[in-house]
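In the two assemblies presented below, chain A is common to both, partnered first by chain B and then by chain C.
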Partner chain A sequence: MDADMKKPSESVTRARDSILIVAISFLIALFVGALILLLQGENPIEVYRYLLVDPLVSKNGLLKVLGKATPLIFTGLAGTFAFRCNVFNIGLEGQLYAGALTAAVLGYTLQGLPPWLHLSICFAGAMITGAACAFIPAVLKVKFGVHEVITTIMLNYIISNIISMLVINYFRNPGETARTPYVLDSARLTQFKLPEQANWGLVIGVLLCIVAYWVFSRTVFGSHVDAAGKNLLAARYSGINADRLVIITMMLSGAVAALGGLERVLGAFGYMEVNFSPGFGYDGLVICIIARMNPLGVLIVALLMGLMSYGGMNLNIMTTVPLEWVRILTGLIFAFVVIGNTLLKQRGGILFHKKSLQAEDAV
Partner chain B sequence: MRDISKEFDGKWALRDIHLSVEKGTIHAIVGENGAGKSTLMNILSGALTPNQGTILLDGRQVAFKNPQDASRLGIGIVHQHFMLIPMLKVWQNAILGIEPVKNNGKIDKKAALSMLQKACSDYAITLNFEQVVGTLTVGEQQRVEILKVMIRQAEFIIFDEPTSVLTPQEIENLLSNIKSLKQMGKTILFISHKLEEVLGIADRITVLRQGKLIGTLDCGEACVDQLVSMMVGREVCIEGAPLQISRGKELLRVERLCTDRTRFSAGLDQISFSLHESEILGIAGVDGNGQSELIEALLGLRKTSSGSVKKHGKELTGLSSARIRRTGIAVIPPDRQTQGLVLANPIKSNIIMGCEDSSLLGRHGTMKKRSVQYVTKELARQYDVRMPSLEALASELSGGNQQKVILAREFGLRESDLIIAMNPTRGLDVGAIEFVYEQLESQKKKKKAVLLISTELSEVLRLSDRIAVLFQGRIMGIVKRSDASVELLGRLMAGIDAEKDGCRYEEA
Partner chain C sequence: MKKNVFLALLMVAILLFAYACAPATVESTTPDDTQSAEAVSEEPADAAADEIAAADVKVGLVLTGTLGDQSVNDQAYAGLMYCEENYGVQVKAVECTDASMYAEAAQKFCEEGYNLVVFNAFSQEEALRTVAPAYPDVAFMILDTVVDDIANVACFTYATQEVSFLAGVLAARKSTTGVIGFIGGMEIPTIQKYQKGFEEGVAYVNAEGTVIAKYVGNDGNAWNDPATAKSLTLDEIANGADVCFHAAGGSGLGLIEACNEKGVYSIGVNIDQSHLAPDTVLTSALTRGDVAIQIFVKSYLDGAVLTGHTTLNCANDGVGLVESSFFTDDDKAIIADITAKIISGEIKVTNVMDY
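This part shows the complex of A and B:
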């Protein structure tokens, strides 16, 4: 037991190694990305400066990076809730649209409310619609054993198209492109500086990640989700109501994804436009897998993705490197992280130290 | 077969198996789950290659690289889980891979049908060739499998647990089919764990246990008791007797509990028993006679079709599993690695799993890090878990220590008055077994009621105050420990009704 004091505990080692894995994968991806650039006759150092360094050195750029990252924080966290419970909620995109429309409609129709009340109503409304969208596949899974991957993918099409239809037919701002009217000022999440830059939604997203981290590490609920996600049968045998957990985590996931839509509408744009999301929901899935379903990891990875996204635009303006290359780089990072995680799993979660511990297990 | 051995991941699944099967006889292989029956069968059929040893067929040494090799040499298998394509018709399934072909490359259906017709009339199998396999009953599907083997000219036929999925009527049909195969001069290897079938049909019986060959008996000389004790392992020698304390009031009453028959389960049939405080009720039986169904039904993990389970007079059936557990039930599940632990989680989380809401750890749905550390450390010490640290993964522990983690959780942390333990010492070494026994008895001293479902007869005899025997989902009888003998229990385990032998039933 004294050994606990002297060497870092295994949980610390494991946390260290999972961060290391992402870092190493990122570096390898950058290296392979550089090779591709060299083949195209570009200068990798210059490209990486535009992509990764320039956005961070100006205050303006930094705020834009944060703005880009905000919806990804929400969708990444949304994915985390479901994936932790081993439920694959691919329906984040649809849930995000549902939340966006609810926020927009509540935002421009309810007049004469103080901002705190108006915002609270918008938040509640968006979360309820998002949760409701996720409830459908959750119940189908628990009651009838329908696999959630199929139902959530299908629901993405159904929901996002219903939303588009609703916007075009009922909530359209006359004379404009297919979008809703501007929401009232009392429902706006204030932007820090200029459009397209970060708004108060970022703060809410960061707080949510911290709360989620606490939930998963310190609460009975989080501990149950963790057990059910890793071994459903053992969770059931230890008296955990796994079916209820599946439904709750799915609904939480849908609610948080909906907040991602709300943030875009009330924070970034001020209105909801048809097909505004370039795939935030799908990016969220990638982010939560890279972050290994750790809410704080989601924060870091989402910021990284925000950087790549804004840096990619920067790159597109400043150089002849095509935007596709940035997608390739993202893909490479993802692939290497997955490979690294698999290797890590095979070694029982510890990369760099020999298993000297097993000797003590004798007798 | 000579000296066949097979190793998986450093563990011997089979060790030096000597087996000789005489032509034209029915040879049965019996043993518990995990005894190595399936491995042996897979080696004979070419699906696995042995690490050591040789196989002789008609005196010639043979080696199979794959199942096709074995098939070519006349070895056929009727698998436990059928290898059929449900969408295709019977005749299409039967000729799959050996289709007679016309000159133009099309399947010669006429030739196929006449081939099948001949095989069917030779072996007295009735089947409608035009029916789609998915619509057949399980028994008919099995006949398709037999037909498949026959038209491939198999001389040596292996039946792998052929009766496990059949109704009694279908079993009768199958056994008569097998007998007619024998009369045609075929050699049959019949793998099963149901003793009474084996005794009815086999000429010779070989018993396997934990990968070793325990013995081969001629059917004439085989008596049930001998077979049972050969099968259930650890020679039935009972050291120590159950702890004598007078039992308290009734705590659990199960009445006429039934579950549905499914393809993989024979179901429970009118299970009734009662259990008192400070009492251990042992449920004996050969593996696969309803033990898993019973524990799952009691815990609400399997739907019951009728009957009742009352704890302190309160009905439990129909409640969710979590609600049932909250009435105070501690469980030692049969498979600690898949049902008892989350192997990928630290020991610490495994000790508190499912009991996180204990007031020792925190309040209002949260847990205090320091309390968790303190409580788990204390429990690990109390239950003597030998581990590198609380943060080490459960997968790093030995089997005995994994079981101790479960004991620490279920006995140390969970509040309970009823304990349901299934095969709590499977695969453990002697020291760990003793530890588990001590813990179960100390729970009994604390006025708890213990339901011990075990396929180890010696374990049941060592611990139980009363013993019930499960056979094909039914309770054959409940006897007091003082009235129980290995012979009596063995006969009940083999499904031989013991009422005539003066076995006393208690209660309804």
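This part shows the complex of A and C:
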């Protein structure tokens, strides 16, 4: 117990406690959900089996869960970059669309390239467009003090409508569906098993999370971002170029969100359809907050979201429980996790030691 | 602090509980399903008994959205329910909230041993193309688009020019000014097909009659912009139109509203839209996805499952007008007569997009 008071093991305690709080919140939510189900006359055990277990053990189920989770990993991580620096990038959705269109257009127009080059160009193009979309609100914030929440939300509408307009008028594949032509094989992120959506984009997403974790925990840049995120003014006085940091983190955030769009286009679908995203960008915000802006946490929460998302459909097909119920349960889980997190924050990040609160404040 | 947290938790729990109670009423539809399934099993389906045991046949329907849209999804669900009640097959419809669910839902149906998988809209074509080749033993169908290059897929399109012709005939008969309005969503072949058929129908009755045709827009919003459709319609009415027909999806609500305000007739499309304005909706030009599902399921039960392209037309009841209280006996007779002539080929309606 005493060891917990010491510096190195404290971070371990914190990590343990944040995982614990999410787990406890999850269990409470499941319990409350079970009560509701019982009142509705359903069997909670059967429902939870189809929602949480069956997707993982049924044929191809795991691949579907992974396929669902992949874009969420990217958007969740994208949110993390900005939120760490205390910049609220609500514009992930627009940046995702921008990346998706760039990848789609580069993917079908550039012919005769070897896959490695073609893919690299698509990646670079998507990341640049995503970063450029995030650059606008970042500069507006830094230079003119315009709050990024307003500008990013507005940009979401502007960007997604411009993208739809471009697809319909310039890049449309002849046919009923408003979508671009299929990208060439040299630009495809190969799917693990057809026709499942899960593809090599997943591996890239996981690697990115690991890299991001390393950046935030082990590099000077990461500590500067955290410092600026905790107290911008103090960071400035300590000699950190905070304005530059805000712009860089925003652009990184936009670039990663754009990769989420790229993954859908080059990996899961092979083309870009107008309005393909059911709100990946907004889900990403939720994920990164639940994961408490920890890149590895993002990975776990995104997978959980993917599981719930596919599990919900599974439940819908296998039982008579309506789809709405899954959304209620998802809402429950988020509500409880946020409550738990707030509780934890009030205690300085440590669940069981009241005394460490003061120690934490001093640091 | 502990007390506050507890109170907060309690409040959240109460709120959620209150929220959760609301869909309990929606829930009540599900016991009905099981009841009707039981009811069916008591009186075995007669027609299909000789070919394939209908009770073993499972039909999955992948919807493009959620039920209650009073449009294609409800229509397809009605078709599915018809099959359950009349053929005795097992059915399941899955609501999809985003495009990536189409393929997943279809795959899940296939993995669960469903025999037939139904897609109800053209927007699901890509999902169909992904899934169907991977499950050659499952029979697929899709509505409103042509997919005739996969062996285990049946596709259905509507002869909308035929029903538009009938609508044109009726509009010309009801019009006193001889001016008739048309609003399309977007100026694309699918909609021009309605317009052409409609114009020909008007001309068939009244060679002097004119059709004022206007389009809502040229982007995705064109199908969901009732305000623009309404102002276009008011403009047409100001120019003398006293019957207006639309092929504009959600925008068409604006036309029906404008006609209702000005007290002139409107003609709905796709589904029976008379509930929107019972006093002024003359009829609706139906495109019956439910009939397509019935045809498809029936063909499977008869042992020769449909594949390739089928047109839903007057002959197979896949398109048609809704008979309303505005129809006089003369109207009914003439519509029936013209329908028969279209079926026999005596009247040829132009199809601007001959497949």
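Here is the rule we go by: the second predicted complex is superposed on the first by the 342 of 363 C-alpha atoms of A that agree within 3 Å, B and C clash if a C-alpha of one lies under 4 Å from a C-alpha of the other, contacts with A are read in each partner's own complex, and residues count from 1 in each chain.
Here is the rule we go by: a contact is a pair of C-beta atoms (placed from the backbone, for glycine too) under 8 Å apart; a residue touches a chain by one contact, two chains touch by 3 or more.
Quick caveat, the model's predicted, so the values are computed rather than measured.
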### Query
Is A:Ile45 touching the first partner chain B, the second partner chain C, both, or neither of them?
neither
### Query
Now for A:Leu332: first (chain B), second (chain C), both, or neither, which partner does it touch?
second
### Message
Once chain A of both complexes is superposed, is A:Leu194 in touch with chain B (first), chain C (second), both, or neither?
### Response
second
### Query
What's your read, chain B or chain C touching more residues of chain A?
C
### Task
With the two complexes superposed on chain A, say which partner A:Ile36 touches: chain B (first), chain C (second), both, or neither.
second
### Touched partner set for A:Glu176, first chain B, second chain C, both or neither
second
### Contact set on chain A toward chain B in their complex
1, 3-4, 9-11, 218-221, 223-224, 226-227, 230-231, 233-241, 243-244, 348-349, 357-358, 360-363
## Note on the structure
Counting only contacts in the complex, chain B reaches chain A at residues 299, 301, 320-322, 325-326, 329, 331, 333, 338-346, 349, 352-357, 362, 365-367, 369, 377, 386-389, 391-393, 395-398, 401, 409, 414
## Note on the structure
Contacts from chain A onto chain C in the complex sit at residues 32, 36, 39-40, 58-60, 64, 67-68, 164-165, 168, 175-179, 194-197, 268-269, 271, 273-278, 310, 313-314, 316-318, 320, 322-325, 328, 331-332, 335-336, 339, 343, 346
### Query
Which positions of chain C touch chain A when the two form their complex?
1, 5, 8-9, 12-13, 16-17, 19-21, 23-24, 26-27, 30, 33-34, 60, 66, 92, 94-101, 103-105, 107-109, 111-112, 122-123, 125-126, 130-131, 134, 144-145, 190, 218-220
